[in-house]
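Below are the structure tokens for one structure; questions will follow.
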Amino acid sequence: MTLTIVLLGAAALIGIGLYGALSQQSFVMLMMGLELMLNGALLAVVGFWSQGLAGMPEGQLLAIIVMAVMAVEMALGFALVVAVYRRRQADMTKSIGTLKE
Amino acid sequence: MSATLPLLVLLTLAAGAWLAAWLDRLIATGRIEPLAPLRVGAALLLRQRVTTEAPDAMNWRLAPAWYLALAAVGLSVVPFAPGAALIDSPVGIVVWGSCEALTVVTVFLHGWSPNAPFPLIGAYRYAAIGLPVMLPSMFVLIAAALPAESLSLVAVVESQREAWNLVRQPLGLPLFLLVGLTLTLRGPFDYADGEDLAGGTSAEDSGPGRALWQLARLAMLVAFSAMAAAVFLGGPLGPWLPGPVWLWLKTAGIMALTVAAGHWLARTTPGRMLTLLWVGLLPLSFLHLAIAGALAL
Amino acid sequence: MAIGWLSRLAAATPPPVFAAVGPGLLPATERLLARPTLRRCGSPREAAILLVAGTIPEPAGAALDRVHDQLPHPRASFDWDGGGDAEAAIGALWRGLLGGGASEPDRLPDEPPNSWRGEGDHGQGGEGMMGGVPYGRPMAMTGDDLRDGLSLDLYTARIGPFAPMLPPGLQLSATLQGDLVVTAAVARPPFEQPAEADAPEACAARLLRLLGLGGDADRLLRGGRPRGLGALAAIPTGLAADAQGGDARARLRAWLGGEMVDVVCPDPGDLLVGLEWHEATLALASFPPSALRRATQAAEAA
Amino acid sequence: MRDAFVIALVLFAVWTGWRVFRVDSMVRASFSLMLSFFAVGAIGVLLSAPYIGVATVFMMAVEMMVMAIFMVMFMMNPAGLNPMSMVHQHRLSIGAGAAAFAALAAAALLSELPDAPVPTDKAVVADLGHELLGPSMLIFETAGVTLLATMVGAVILSSRQGRYGMADQGSRPPGLEPGGEPAGRQPDESGGGHHHDHGGHG
Amino acid sequence: MNLLIVVAVAVIAGVALTLAAHGGARPAPPGTAPQALPFLGGGTPDTHAWQRFHFRAYSMTLLFVAFEMEMMFMYPWAVVFVAEGLKALAEMGMFLAILSIGILYGWREGVFRWQ
């Protein structure tokens, strides 16, 4: 029962995150969508570990890895935004497409 | 025991905030005025609360509430007697770390929401210094967790039965004081509310909002001092007297030390402080951790 | 009921005072506010009493009105000519306010800087994403940066003449990018002050206050010795260099040693460009008021 | 009882997650996302994962602070003084989000879920530590190196002074002969119609 | 569980106290336009203060996020440090070395300055 609730919540978070990642024009808002999807993934991992895997340590490790992915995504994502803004004075996803050099 | 601990936390928070305000005034002016904190609070409560042109009213109003709540949660992690903390979590140290991180968020919100230049600059300055200041404090707390073999503060206190961490890890308390000064917006780390910004994040605060913000700062000082007392001075451990009394005495000592450091140390420019933190104090905390690790084995 | 009780409690506190200092009264005001029986406020939002020291010359009158209106109610202002028992008079005003005395009304008309109510798509006064005057003011626009080439928003404002971190009377017209001064010009020079304002302890006190050592500053003004540590080390080397080869740190060292400093101050506009705001305030406070006034007048004449 | 708390927290996480794309102020959006993470962290604490739960709160408080700083730095109208909506392919996105939710929810509801809860006396934090230093040592070390690479990458991308001059001035390859014309393609001519280079000052 | 209850109670109490402090004191006259002007020592601004704020320590924060993540691995490591003995010490040595490389690199590139 608990696991079902948690997984439904995770599905909703991933759905909203996907909507955000696809619909937002601004690159930084798009990253918020990605983070929200990872949030859903984190919720699902924690739920599975707690209710379905009898506390296998690998489950916790996976949760930490999800967090590490978020950190990497954020650090590199924002560094890219800075680099693009410096050349284009814009933060739109469109303008990243034109960054060819 | 179940009803005593919440009461102890509340009492410590209230009496500690009073004592902190009183100490602050004593060290600043050399005068002993026991009623002054209440009087200043009353004077502020009677005044109008001014709003700016297009503020983020909700966050402006609630920032002191978050700050107070963080202080209360931080204090609840600290054991008041051996084995008895209100939040007896196996990861008490991480809970305290979260309170530190959220304080940065709270102070930032407090400076952001009035939509005014000086608070805004103060908020960003605080973010620039408040984030890296957390690193030494985290290394210090991890070093304290090594001999305890646990992240629970109850275990950290128990591990100090033979010798206080102040003796075993002498670099720890000075490094931890940095974060105390930052969390309570004091002295050399008060980048949020500096004089060159006419009061920084509180430059636009008046009346009840200002009173609450000051109260929350004092409450956070209590929480920080109790935490430092538990991690470095053995918290409630001590002969003859009951545990909470020992904790209060040690907390008051750390509080006086923090207030004095806040009044007597000059604040440098934020850019230089940033460099100093990463290049000077962070390697020092590495060294501290390495020594603590070698000793714990 | 509760209010009467609170008022009685509050009546014994030192009155919170924000000072608007006019010509000639800087040293007297500094000494007055160094007393523990008055509470010096960094911002009018904290204060109940506006202390107007001296006669404010006309171009600054509107600025004084703005500061007056920024005080929260109940508020009162006190005109001081430097004589008499100002402390007692301020105390009486404060107790009067707490006892339910009338609060001074606004001096300026209740009009927003631009009319905005009801305009725009949502009635917020703006249009589109960045346009219009939402809530009465336009939004900041991007401009070039001096240091790292990220052209983010510029914030242009006139700061002063009663800004507590600047010399009284000085109005800076500054553009900030983040907290960095991108352009600065003196809109109005600081007020003329007597020679006493250049005294070593008064000058050192101003710098110490900006370094977070307000207690030490008051102690110096009352004739005591500072106890704080690290004031010299806290000032970056080479900040605000003068023509004689000294810098802010050297001048503070001289002042703390009790020596007068006689330097030529460079044009404040040039001095501040490229400095972070904290450094900028330190740079201005590191020159004696008379030198700063001469420099601003020279810049105006040129 | 616990299920009721979990339901409440899940609803809070979803609601704050939804608010992220509905508020005008970038600061509010970032901290809304932070609250969504906090709800997930609280669920972790409830489901006997205290370290993961509290660490999520800790980590996300920091990350969302940084997120807020960058959002304000690079978004037009960061405080939402003019209400706005900057979306494209809106219908498609709603469809994709709803489809993803439906598919995942169906998978969760229809599949046979395992039922093996964590034993209550398990020392989960110590377990994680032994796992890190034992069987999963390689993952741990890889993560360390990956994060170092992230640090270096982030610094290279975000700082202005690259090894070959200012980042906003375009790279200029060395000449074929000393002091001669730069070799290869000229970067300044290849930017195309979208090129609005305001760089080069400072 | 205790943790969540304390957090919930603290937050609710904080908010309640705020509402009480704002509602309980003397009823204030509504703010006027001259009163709402942001404080600039008598000066006036051209624009709203909310802006694309040039945060001068931005590259430091990116380094910081990665750094913070490494700390997440260190907490569980601290718990088993004594039990694992020398292996854990060596592990920590490597970890600190990796972090130090990151810091040294950042320092060399001037990340820890006001950009």
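Observations on the structure shown:
By letter and in written order, the chains are A, B, C, D and E; residue numbering begins at 1 in each of them.
To be clear about the criterion, a contact is a pair of C-beta atoms (placed from the backbone, for glycine too) under 8 Å apart; a residue touches a chain by one contact, two chains touch by 3 or more.
Quick caveat, the model's predicted, so the values are computed rather than measured.
Looking at the partners of subunit C and subunit D together, the chains they share are A, B, E. Distance from the centre of subunit A peaks at C, each centre being the average of the chain's Cα atoms.
Contact analysis places A-D first among chain pairs (by count of C-beta pairs in contact).
Relative to the centroid of every protein C-alpha atom shown, the closest chain centre, again from C-alpha atoms, is found for E.
Annotation: 29 Å between the Cα-based centres of subunit C and subunit E.
With centres defined as mean CA coordinates, subunit E is found 17 Å away from subunit D. Under the contact definition stated at the top, the residues of subunit E that touch 2 or more other chains are 3, 24-26, 28-29, 35, 37, 39-41, 45, 48-56, 58-59, 61-69, 72-73, 75, 78-81, 83, 106, 114-115.
Residue positions 64, 67-68, 71-72, 74-75, 78-79, 82, 85-86, 89 of subunit A are each in touch with at least two other chains. Residue positions of subunit B touching 2 or more other chains: 45-50, 53-54, 89, 91, 94-95, 112, 115, 117-118, 124, 127, 131, 150-151, 198, 203-204, 207, 270-271. Contact between chains, per the stated criterion, is found for A-C, A-D, A-E, B-C, B-D, B-E, C-D, C-E, D-E. Chain contact summary for the complex, subunit E toward subunit A: residues 58-59, 62-63, 65-66, 68-69, 72-73.
Every residue of subunit B that touches subunit C in the complex is listed here, in rising order: 27-29, 31, 35-36, 38-40, 42-43, 45-50, 53-54, 117-118, 121, 124-125, 187-188, 190, 194-199, 202-207, 210, 263-272.
Listing the residues of subunit C that touch subunit B in their complex gives 3, 6-7, 9-10, 12-13, 16, 36, 42-43, 45-46, 48, 70, 72-74, 98, 112, 134-137, 155, 157, 163-165, 176, 178-179, 208-215, 227-231, 233-236, 276-279, 281-282. Across the complex, subunit D meets subunit E through its residues 5, 42, 45-46, 50-51, 54-55, 58-59, 62-63, 66, 69-70, 72-76, 78-79, 81, 125-126, 128-130, 132-133, 140-141, 143-145, 147-148, 150-152, 154-156, 158-161. On subunit D, the positions that touch subunit B within their shared complex are 25, 27-28, 31, 34, 50-51, 54-55, 57-58, 61-62, 64-66, 68-69, 79, 81, 123-125.
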